[in-house]
Amino acid sequence: MIVLRKFLRAFLLLLGMASAALAGPYEEALPRFTSDSYADTDAAIGAVAASGNPLAVDVIEALRDGRLLVGSGQVFIRRASGDLINAATGQAWGNPAGELKPVRLNNRVRRAIEAALGSLTLLNPDAAKRLEAARAVFRSRDEAALPALEKAIAQESHVPVRNALETARAAILLSKQDAPPTQKLTAVQTLRDRSDQEALALLSNLPAHAPPEVVAAAGKAADGIRARLAFWQAFQNVWYGISLGSVLLLAAIGLAITFGTMSVINMAHGEMVMLGAYTTFMVQELIRSYFPGLFGASLLIALPLAFLVAGSVGVLLERTVIRFLYGRPLETLLATWGISLILQQGVRTIFGPTNREVGTPAWMSGALDVGAMSLTYNRIAIVVFAFSVFAILLLVLRYTSLGLYVRAVTQNRRMAGSMGIRTSRVDALAFGLGSGVAGIAGVALSQIDNVSPNLGQGYIIDSFMVVVFGGVGNLWGTLVGAMTLGIANKLLEPYAGAVLGKIALLIAIIVFIQRRPRGLFALKGRVVEA
Amino acid sequence: MRTQYLFDRQTVLVLSILAAAAILVPAMNGLVPPGSALHLSDHLVPLLGKYVCLALLALSVDLIWGFCGILSLGHGAFFALGGYAMGMYLMRQIGPRGAYADPILPDFMVFLNWKELPWFWHGFDWFPFAALMVLLVPGALALVFGWFAFRSRVTGVYFSIITQAMTFALMLAFFRNDMGLGGNNGLTDFKEVLGFPVQAGSTRVVLFVLSVLVLAGGYLLCRWVVGSTFGKVLVAVRDAESRTRFLGYRVEHYKLAVFTLSAMLAGVAGALYVPQVGIINPSEFAPANSIEVVIWVAVGGRGTLAGAILGALLVNAGKTWFTAALPEFWLFALGGLFVFVTLFMPRGILGAAGDLWERSSRRLRTRRSPQPFTQAAE
Amino acid sequence: MLAVENLSLHYGAAQALRGVSVGAAVGEVTCVLGRNGVGKTSLLRAIAGHRPISGGSILFEGQSIVRLKPFERAARGIAYVPQGREIFPLLSVKENLETGFAPLKRGPRQIPEEVFELFPVLKSMLGRRGGDLSGGQQQQLAIGRALVMRPRLLVLDEPTEGIQPSIIKDIGRAISYLRGRKDMAILLVEQYFDFARDLADRFVVMERGEIVQHGDRAALEGNDVRQRLAI
Amino acid sequence: AKAEETIKVGVLHSLSGTMAISETTLKDVMLMLVEEQNKKGGLLGKKLEAVVVDPASNWPLFAEKARELISQHKVSAVFGAWTSVSRKSVLPVFKELNNILFYPVQYEGEESERNVFYTGAAPNQQAIPAVDYLAKEEKVERWVLAGTDYVYPRTTNKILEAYLKSKGVKAEDIMISYTPFGHSDWQTIVADIKKFGSAGKKTAVVSTINGDANVPFYKELANQGVKATDIPVVAFSVGEEELAGIDTKPLVGHLAAWNYFQSVDTPENKAFIEKWKAYTKNPKRVSNDPMEAHVIGFNMWVKAVEKAGTTDPDKVIDAIVGIKVPNLTGGVSEMLPNHHITKPVLIGEIRADGQFDTVWQTDDLVAGDAWSKHLEGSKDLVADWQTLKCGNYNTVTKKCGS
Amino acid sequence: MTAPVTPTLLYLENVTVSFDGFRALNALSLVIDHAEMRAIIGPNGAGKTTMMDVITGKTQPNEGTALFEGTHDLTALDETAIAELGIGRKFQTPTVFEMHTVEDNLLLALKNKRGPLATLFSRQANQERERIDALLERVRLTAQRHRRAGELSHGQKQWLEIGMLLAQEPKLLLIDEPAAGMTDQETADTADLLRDIAKSKAVIVVEHDMTFVRDLGVKVTCLHEGSVLAEGSLDAVSANERVVEVYLGR
């Protein structure tokens, strides 16, 4: 296979050289790349793509990747190996004379590249590439691509690609002035089946020359799509809510331990989250410099480390400060506020005040389409992760003696001691656990938010809100609280806007607490009512 | 709590210090020649005035938190509302001296194309009305908010968190330009107050003295409140709310009364603050600000009134000093201070001083003195 | 087993115990008697490690335990039933009992049957929150919880307070049963004179933080002690 | 050295709190400039001394610290502030104590004070050219104006809205969306933008989103696959510093409008970046537009002091108008009588390495307008501190102020 | 005020309280007359404290009637209102204001106007001081007058709470286990005190100390599983087989 392709390429090269002397449209187009004008580049792309020259794909791909160089009026392609070839002749070019500069790109040029590559790669052996190409043609609605499309559809066997090709054709036909109405009606049909935002856009923006029957059909189809989209919109909003709720849950769940269970008003909680995020950053830095291959696993590696880092800091804090403050919850507020200032400034001093870059592994990029909903993988990952952390924590607190001891210690420290519970160790472990969980929340949050010294502050108020709204001392309350607030926020936002939505939510919390003065999952019974 | 004896001594001490400040600051600023070591430079007058206003705010928090156990994490809201009421008055006083020379509309309205003054701006050009609003707006908010919350028996952290939600919501609301209160920039560029130029040194001195007097008045008021039977009920509510109910006290009325009073004090503090710092904007509603006030009180000593004043002065002076002396490291110093105070002065600076005092004075009057009580950790 | 020598204890500047000496031996019940506010509870708090002492010594099985934390004392086998019950209000009855496992090795981590034999009501309320129990039920729970620890020294502060007569009798029987097992020493503070008289092998009477009288069972029979407890 | 022997320069930038993320770097650049000037022999034969304070992102503290710098430390000029509110907060202080503030950040305009020199862009030096570029080069017909809910975005969007409408854009083709400071959940808004952008007309987002909110915004754009070729975003508050915290590969092609990019290829810039990296001992340290503004402002001040022969603010204020100094993009910026400066406008596209590729640039420098021509209330105002001695001269009533 | 439905002071009928299905009170009926003292006994968990919770408004019954002075529906009033009607209570575990001095605890309990304005402007009258002196004397806490209540021993707190109850001068006193933690002598003394009070007021006492109950010499009600098991003189009740079985023991 490879041998064959090499051979083919050599052959084509020869062919190209032969044609060089003829100075066809390809050769005429090439010099336009050298003018450093986007309009010229745009035109050159079109011409090169239309030329049918076997080097066209190479040239355009090189252009896309910044490997198309110009110098002294000539155009060169830099191969991945570093070799230069002359774009006009396809011959290797040893020592370039003078300085070479890459041809510059802008969005207009990028779009042109995409469209050109789209029609040129419709027959690519790789199905993913073909799909990509079909989408590109769909976006460009380039009438010139129609013949290539027809040809591709004829031989396409892969269903998703075929569908994509057909919608692309439909899009072109709809805007093509001289297409027969029957074809246009079929196109409307195809788009109605596709039934998404883009189809809707096409159907509701028919060109002025569209025949009336097509306009009517398109109008009906558009209405249908609108209804469907509106239906899915509700789910989409709920999903946004769940994913926001998961973020809140992650941020709050550690606090559910240190505050909810241990009654420490832990103002430094957000900084524990921040430490987790910075750990992720460090891990990725190390991986980038020493083991680039592991990047995909960087978050998984960061998780235990973040737990350890934040957990150890938590234990250290507990042993040096918090432990002197049990039974005086309001003083923990004062001390942990001080600690949070110190941690923030510490990180600022060490890592600088600006954001740090945490990358997203490839497996977390992209989106999953469910119906007309789009679920991005990174949000899915965060939702799954948040629920897992919750489940594990619930198990730890319910099925290990640590959970029991922590509660006993917070309810009556002296008596717990007299029952033989090692109060100091339980305190340290529990605070460490809460902080550690905050740390792993930081790993997740590094994916969607700033990794900066201010990271924690952005979450501290929301976290307290969630824990208190759910009912202090109840892990389930934290879960339900986070989800309720997340979903309510996202259902309000489309109507009220982000600012008013948030205000409305805060007022709703205030009102809700009037109805349930001890939160959603209130503790009941003699003790609390006393 | 404190014996009657200590109580009087503290009051006398606080009042004499405040009186000394009210006399010495103008004297050292105006009478002592600039070269002298005793001269108080011009820029320190509004700075001290600002501290005094913040001390009044701290006092208002101590009244409800220290004596009634109501931890408000939203008291900055009342302060800011008082400040806005004053700011609106000051804004109206600018008149046609604004950038766009509109005789009625403040600048920020002109350039965002407002055509007329929103209804709630009316009346603020008249000082007595504005002064009334300084008391009424925070007071009414506290009354309504408190009425619902206390009636529903929202207590402890639940109350703290909804006060925080309140100030947070107000912050977001005031940030909105559509509120008609200057959005993020707030109200600024004031020219005169009651006809006196706000920038003038003499106005500054007068404002300072006024703030000190108001602080002294606020302190006396709080002293009187907590010293009365009413104050004892407050402490009873703080320590055993439901028991107080069984004795036949309407706990919610007590809480409401003291909460509203405290909010009004905070409002007055805000109103005095604004002309001295020259700006009021929504960041005063930031939850962190309200938390900080609580921290001043804790540093000074909760439940001592004088401690609140001391804490506010100390922390804020510390901030001023640290941010200039150690601009890159001051947060370490401030954070460290908070940790230090909690660990080594569990009842705040004044509490620690009180312990020392009691310990030394007990040696003199061993038998009769009240025994100290360190609450056992539970 | 337990030897308290010359113990003094302060609350701030106020002295609650002045040179108290008392002992407890395995297989015996030592009873501490005294009116309100004389320092009985303070003595037990010192033994359990809830209050630091300001003088004197506490020896348990020959070793000083003064520096030990409460949990270390528990690990050595001291179980404490405090006045006012101090059960964990938000833990269920079962969980309250299970906190007693903490000083135990894995093996014996189960609730001894005798707890439920003694206080059947606990068995029927295992899932209820401790704080919701009635006063008497809480008292029973507090005693049961101490027994879960398999103590070598059982320290009881007015265990009959708030308990119905039939169960008081049961508790009395239980204490004598435990005494009879000869594997633990029992230190009992009691105001209910008849109850104390029935159980005590030895007794001390306190007044104003001091021991003013002590003796063995026989000495309790006279009216002397009763007199002292009167005002 | 004795106090009299130095000339003090105040540096009033937040080193802690929410704005530290942007402002710290400006403090560093000021320290570098002062050090460099001292190496050149100082100013008027004296050494310069930078007095750094931390206003901690707290607006009243800005005023307090400004007062302290001027009254206590007796600085000759102050370089500082970032947000408009911090500038508003310190304004009265500078007026009262008659000192000089150099304000280096792009802002909403509608202001001209005698004591302030605005070295950042006014809306006509950033926003309007950016919109023109998009309309012309990207054929954009539908506009999303997304901003943080405060005065700079509000004003800028008001101006843009008026401008776009004057260019025939219909109201339904403009979507305006405001979010709170630090907004971090952009799912709904990005989805709305996608929806708005799929109506068949070419759509672009004009972002006045500020500071912290940008990173989650761009991360969400990347997640939801909003590519620059579909819906380009042009930002006015996102520079190299902000991008340093984002993986920019998915963002390639999104735009920013500034008056300077680190990638600008001029000898001045090259030299500056080299110095900057050496000074910070960090070869990865980036530079950005407000830094350039400080460089320009500082150099103008130095020249003005030299011209006036004194650091006395009154004299310097008079001397500085008309002063020209080279900027880092190859031109020469001039201090105008309205206390704004002339600047080139550059449109850049984000590159994979976090830098910008200049894709368009004005031929000439653009003079900053203190008062927008597109707003009802301000179109008749002009500022001229040289001849009219007025920051808000009304050309209709022919009066200053009233 | 409308005419009383019943001539009795306290009238409970068919009161049921259940917690998650568990019936703490089960169709309990009880009638207390003016100036009557009633002793309530019954096994731990019989519902005695719960009954007091219902009377004082702490717990809402699921069913049943609770009337005071024939007209006031206690189930519709909150704790404060009920206290204002003249029902005072001593809790099973002593609850006092720990940070207040013994004296202030009594002061707060004194029968005075309870409104915020009244307390804000009230001046301590001589009369009040004398009343407090007398109360302190009565509960033998004169020496502890200026100490914080939190510093008192358990028994001393019991006494203080009794003192607070007396200070309230209620029409109906609910007293939960006053003798717990008291010496025999003090127990007898308490009985004296209660008999004295009962001359003019109605009193409900809960106690497990049979000697004490005998000393009171009043009608006894024995509760069991939330309802009345037996009622009558102590001798009659203690002779009841069921009472012996579930309560007294053999």
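The chains carry the letters A, B, C, D and E, assigned in the order they are written, with residues numbered from 1 in each.
Simple rule for what comes next: contacts are C-beta pairs under 8 Å (C-beta built on N, C-alpha and C of every residue); 3 or more make two chains touch, one makes a residue touch a chain.
Nothing here was measured: the structure is a model prediction, and the numbers come from that model.
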If you walk from chain to touching chain, how few steps can bring you from chain A to chain B? 1
Innermost chain, taking as reference the mean of every protein Cα atom displayed: B
In terms of mean CA position, the chain most removed from chain B is C
Can you work out the whole-Å distance between the CA centroids of chain C and chain D? 75
In whole angstrom, the CA-centroid distance of chain B from chain C equals 51
Could you give the separation in Å between the centres of chain C and chain E, each centre being the mean of its C-alpha atoms? 29
Between chain B and chain D, what distance separates the C-alpha centroids? Give it in angstrom. 36
Using the touch rule from the top of the page, what residues of chain B touch 2 or more other chains? 172, 175-176, 242, 328, 331, 371, 373, 375-376
Hey, what residues on chain E touch two or more of the other chains? 19, 58, 151
Going by the touch rule set out above, which residues of chain C reach two or more other chains? 11, 14, 50, 132
Which positions of chain E touch chain C when the two form their complex? 19, 22, 42-46, 48-49, 92-93, 151-156, 158-159, 176-177, 180-186, 189, 208-210, 246-250
Note which residues of chain C are touching chain A in the complex, please. 48-50, 69-71, 73-75, 78-80, 82, 86-91, 95, 98-104, 129, 131-132, 145, 149
If you look only at chain B, which of its residues touch chain D in the complex? 41-43, 46-47, 50, 96-102, 107-108, 110-113, 172, 175-177, 182-186, 188-190, 198-199, 277-279, 281, 283, 319-320, 323-324, 327-328, 330-331
Touching chain B in the complex: which residues of chain E? 56, 58, 78-80, 83-84, 88-89, 91, 95-101, 104, 107-109, 112, 114-116, 119-122, 124, 146-148, 150-151, 164, 168
Can you check the complex and tell me which residues of chain B touch chain E? 1, 3, 225, 228-230, 232-233, 235-236, 238-240, 242-251, 253-254, 257, 370-371, 373, 375
